[in-house]
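Some structures to go through are shown next.
Shared chain: subunit A. Partners: subunit B in the first complex, subunit C in the second.
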Partner chain A sequence: MNRRQFFKLCAAGAATSAISALGLMSDKAYAAVREFKLLRAKETRNNCPYCSVGCGLLMYSQNSGGKNSEHAIFHIEGDSDHPVSRGALCPKGAGLVDYVNSPHRLQYPEYRAPGSNKWQRLSWDEAFKRIARLMKQDRDANLLQKNAAGVTVNRWLTTGMMTSSGMSNESGIATQKFARALGMVAIDTIARN
Partner chain B sequence: MTFASEIPLSLGDKSPLALKPLLAAKPQDIYRHRAERLETLAEGSPLADYLKLCRSLVATQLKLAEAQEFGPAPELDMTQPMPLSLQYTADNHYWLVQLQSLLSDMLPLVPAAVAGVIRELMALTPEQQAAYGNSLRQGHLSDVPAQYSLFLWAALSAYWAHWAPMVISRMDIAAVKQTALCPVCGSHPVASVIREEPREGLRYLHCSLCETQWHYVRAQCTNCDDAKQLSLWAFDDHQANIRIETCDHCHGYTKMLFVAKDPRMEVVADDLASLGLDSQLSDKGYSATTLNPLLLAHES
Partner chain C sequence: MAEQDIIRRSGTTDITPASQARVGGVKKVAKLFDATKCNGCKACQVACSEWNDLREEVGEFSGSYQNPPSLSPECWTLMKYNEIEDAGKLRWQFTHSACMHCADPACLKACSTAGAIIQRANGTVDFDSDKCIGCGYCASACPFDIPKISAKDNKAYKCTLCSDRTAVGLEPSCVKTCTTGALRYGTREDMLFYAEKRVEELKARGYKNAGLYNPEGVGGTAMMMIFHDINDPESYYMPKDPQVPMATEIRQDWLKPLGTAGLIATAAFALMHRITVGRNIVEEDQPGYIDAAAEKEEDSK
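So, the complex of A and B:
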């Protein structure tokens, strides 16, 4: 019996609302008082990736124009419905929109040679190759296969790994497996910054 | 230092920040606020005459609420969801008493043309008035002559708003689910209200009939539950106090009133005074999923 319905709210039609039927409808009722600009924002729910609390966020973005163009985020606020953070954000979370739009964001791999004060840009391919080569070199030289008592330990103590906090459980376990399989002991995440 | 075990998650939560699924109305406070706001908004409005008529109507509802003559409490089946919905209360005609006193109180306050309408409505048989009332509650607004609907709804609303808080106090709050229609009486909402309490930023839908507010998660369509294709529209300023949330899944919309940003706003009055925004979104192909008791636009 309780049926959801849509209602017609527009100037057209003679007596389709109480105002018009009572003869008190003004032509201007549905018109804006002056020329307003109608703005549209896309509304999305997300989580803050900057620590392990994962506070709830509401994010608002604007289409920069064109059908497939990217949405630019212009406002982020705490999600009051989130059962843990309940709408609150820490200073880092409250500044999220500035991180997202920061001109200083790292957008590609860069490399600074020992002793140099200049960063040079690398392709992702070059970066991966270089990281893999250096990791292998260091691991081949420093992997501790057995401890003093002769027990196999396979520890690699000379390299550590700082991982992202913006990860699902699944990417978390994949990262853990990757690092531990290499024998790495020092692993941390930026969630603790 | 906060321990995880101290973070309240359940409905038994005693924290002042705990989410309350239902907020019972205080009808007298609502009518006072609404009448005051209608008076303010009437100044310089293209709808000034109508808003003044509505102000008198709300002041008359306030008189009814103060008089407290609502007859015997309705008999209800509290085991059902929406215990006050039409399904269980279609035979309850005590509200016709409210209608008669509302109409006779309004008669001296209105222009001649409107007084004629009130006299016609008073002359109808109680059966006809009751049948019109039930059609309105069912959402069949086009079955009722549009000039009567404003007064019929005002009397219905004064009656059910009186009983709703009593019903809420007896409802199992833990069993209340997030719904598109009022969990107490099954009516459409007026609009979304973004409140400061119990915690800032929570969205409540305000019932067009019993004035109850019920919680509904933000950034989710209040009509079809979709959460993927929502937009917020506003005039000139993305952070405006009045915005509209549209859904590209069901093509419905709800107005969003950020009363936390301006506590002078009142849901029914400000929704009515911002029809300019509705008309822009109608032009873009969206339909209202909400019902304003002072507008009562026909269903589509």
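So, the complex of A and C:
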């Protein structure tokens, strides 16, 4: 190749690339949407516990459920088949995934002694035992078996129960039976907080 | 894997249109925001950030419930709270603020990057952030002030109308979560039908100026709104007569084709000149004459 041919080749190359730069060479109109993130995620149905409406939830967690993988919830949305909410969720419900994964979430029983400003962790066994013992102590001391007229009432007025709002009828009646059998009068759900 | 249902594409001329083999069977969709039903709960805003994995930083109190103060690269749907004093009483007017998905999108027209902004056959306008170069033309052209440029990656972001959900047959996240039914989603035809009935109902209830916000200046929008008073959309922070900016139209429809025509004309003229007139031959008696034969001999030596 001599000097003249070399210049010709350069000029031809520049001209060709200039044509493509002008937009005369079309490229593919590839514009895919973001990949659907729930495709094979495990879907679990539940109820939102944060008020007495009890909206239906679909909770999506990673991994297929195989024995070697750990579930982690990464998306929660309304359950369209739920008769109460039909897919809708309020802002609190719509942001539930951040409650579930919050670093401030209470994950184990904690105990703060009277007058103390420190929480200390204890096991579920210890917690249940302590709750049961304190309940029994209080009930033994304060159960009102008969009223002023001498009628048997079996009222336990010094302890109340705060229970879940997002329960099925069956869990609800079990909770009622448990609390009423002890003579408890003040029973409320966390819907009110 | 191309979608083949793109009806319009930025930075592309009609000579080389986007692949649109599957456009025929696709119906136009629309999201309908009924401001008369909204109670400002912000569920749409939360559901949007949840689905799209966006978490705007917690900001400062700006004097109203509106938070963050405006749309941002991390906030694609925003509940706007306009406080209105009416006969000595405070009243709120809520606006579900997100991309309007115009039929004639100013952002798409303004964008010169091939395929960075596309319009799908269902009428929604989507950004392809891989192609976006972050020039910000879309943000300045949009009459609704929707696209925002991220400081993290210098790319434009906005509501996609949950194109990843609608592509698999689901409704957008905001619509699904709406508890009052202020947000609805369906084919454009169905939404227009519903809106007409709803406006009639509002008129019968005494809201004489109730109407549908579906601005003609941008060819109609795939997000339509029902207002108590259609003559005063500004009280909902919406422009009265949104248009594709004149500067955008002049640049994209006139200046750019003119520039291309100029380039082609120059090249054509040069070619014609070469054919008809040919080289500039310097005669022996003219100054600057070089004896080619002598030079060749010189070269070969």
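Convention: the second predicted complex is superposed on the first by the 132 of 193 C-alpha atoms of A that agree within 3 Å, B and C clash if a C-alpha of one lies under 4 Å from a C-alpha of the other, contacts with A are read in each partner's own complex, and residues count from 1 in each chain.
Please note the rule applied: contacts are C-beta pairs under 8 Å (C-beta built on N, C-alpha and C of every residue); 3 or more make two chains touch, one makes a residue touch a chain.
Quick caveat, the model's predicted, so the values are computed rather than measured.
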item	value
Touched partner set for A:36, first subunit B, second subunit C, both or neither	both
Larger contact residue set on subunit A - subunit B or subunit C	B
First, second, both or neither for A:8, with subunit B first and subunit C second	first
Partner chain(s) touched by A:91 [first = subunit B, second = subunit C, both, neither]	second
Contacts of A:16 with subunit B and subunit C, given as first, second, both or neither	first
Touched partner set for A:44, first subunit B, second subunit C, both or neither	first
Touched partner set for A:75, first subunit B, second subunit C, both or neither	both
Touched partner set for A:104, first subunit B, second subunit C, both or neither	neither
Touching partner for A:118 - first (subunit B), second (subunit C), both, neither	neither
Residues on subunit A lying within both footprints (that of subunit B and that of subunit C)	22-24, 26-33, 36-37, 75, 77-78, 80, 87
Subunit B contact footprint on subunit A (complex, rising order)	1-11, 13, 15-33, 36-45, 58, 60, 62, 74-75, 77-81, 83-84, 86-87
Partner subunit A, residues of subunit B touching it in the complex	7, 9, 17, 19, 46-47, 49-50, 53, 82, 85-87, 113-114, 117, 138-139, 141-142, 145-147, 149-150, 180-181, 186-188, 199-203, 217-219, 223, 227, 230-239, 245, 252, 275-280, 282-283, 287-291, 294-300
Contact set on subunit C toward subunit A in their complex	1-4, 6, 9, 11-13, 16, 18-20, 41-43, 45-47, 49-51, 114-115, 118, 126, 128, 160, 163-165, 167-168, 173, 176-179, 260, 263
Touching residues (chain side subunit A, partner subunit C) in the complex	22-24, 26-37, 75-78, 80, 85, 87-91, 93-95, 97-98
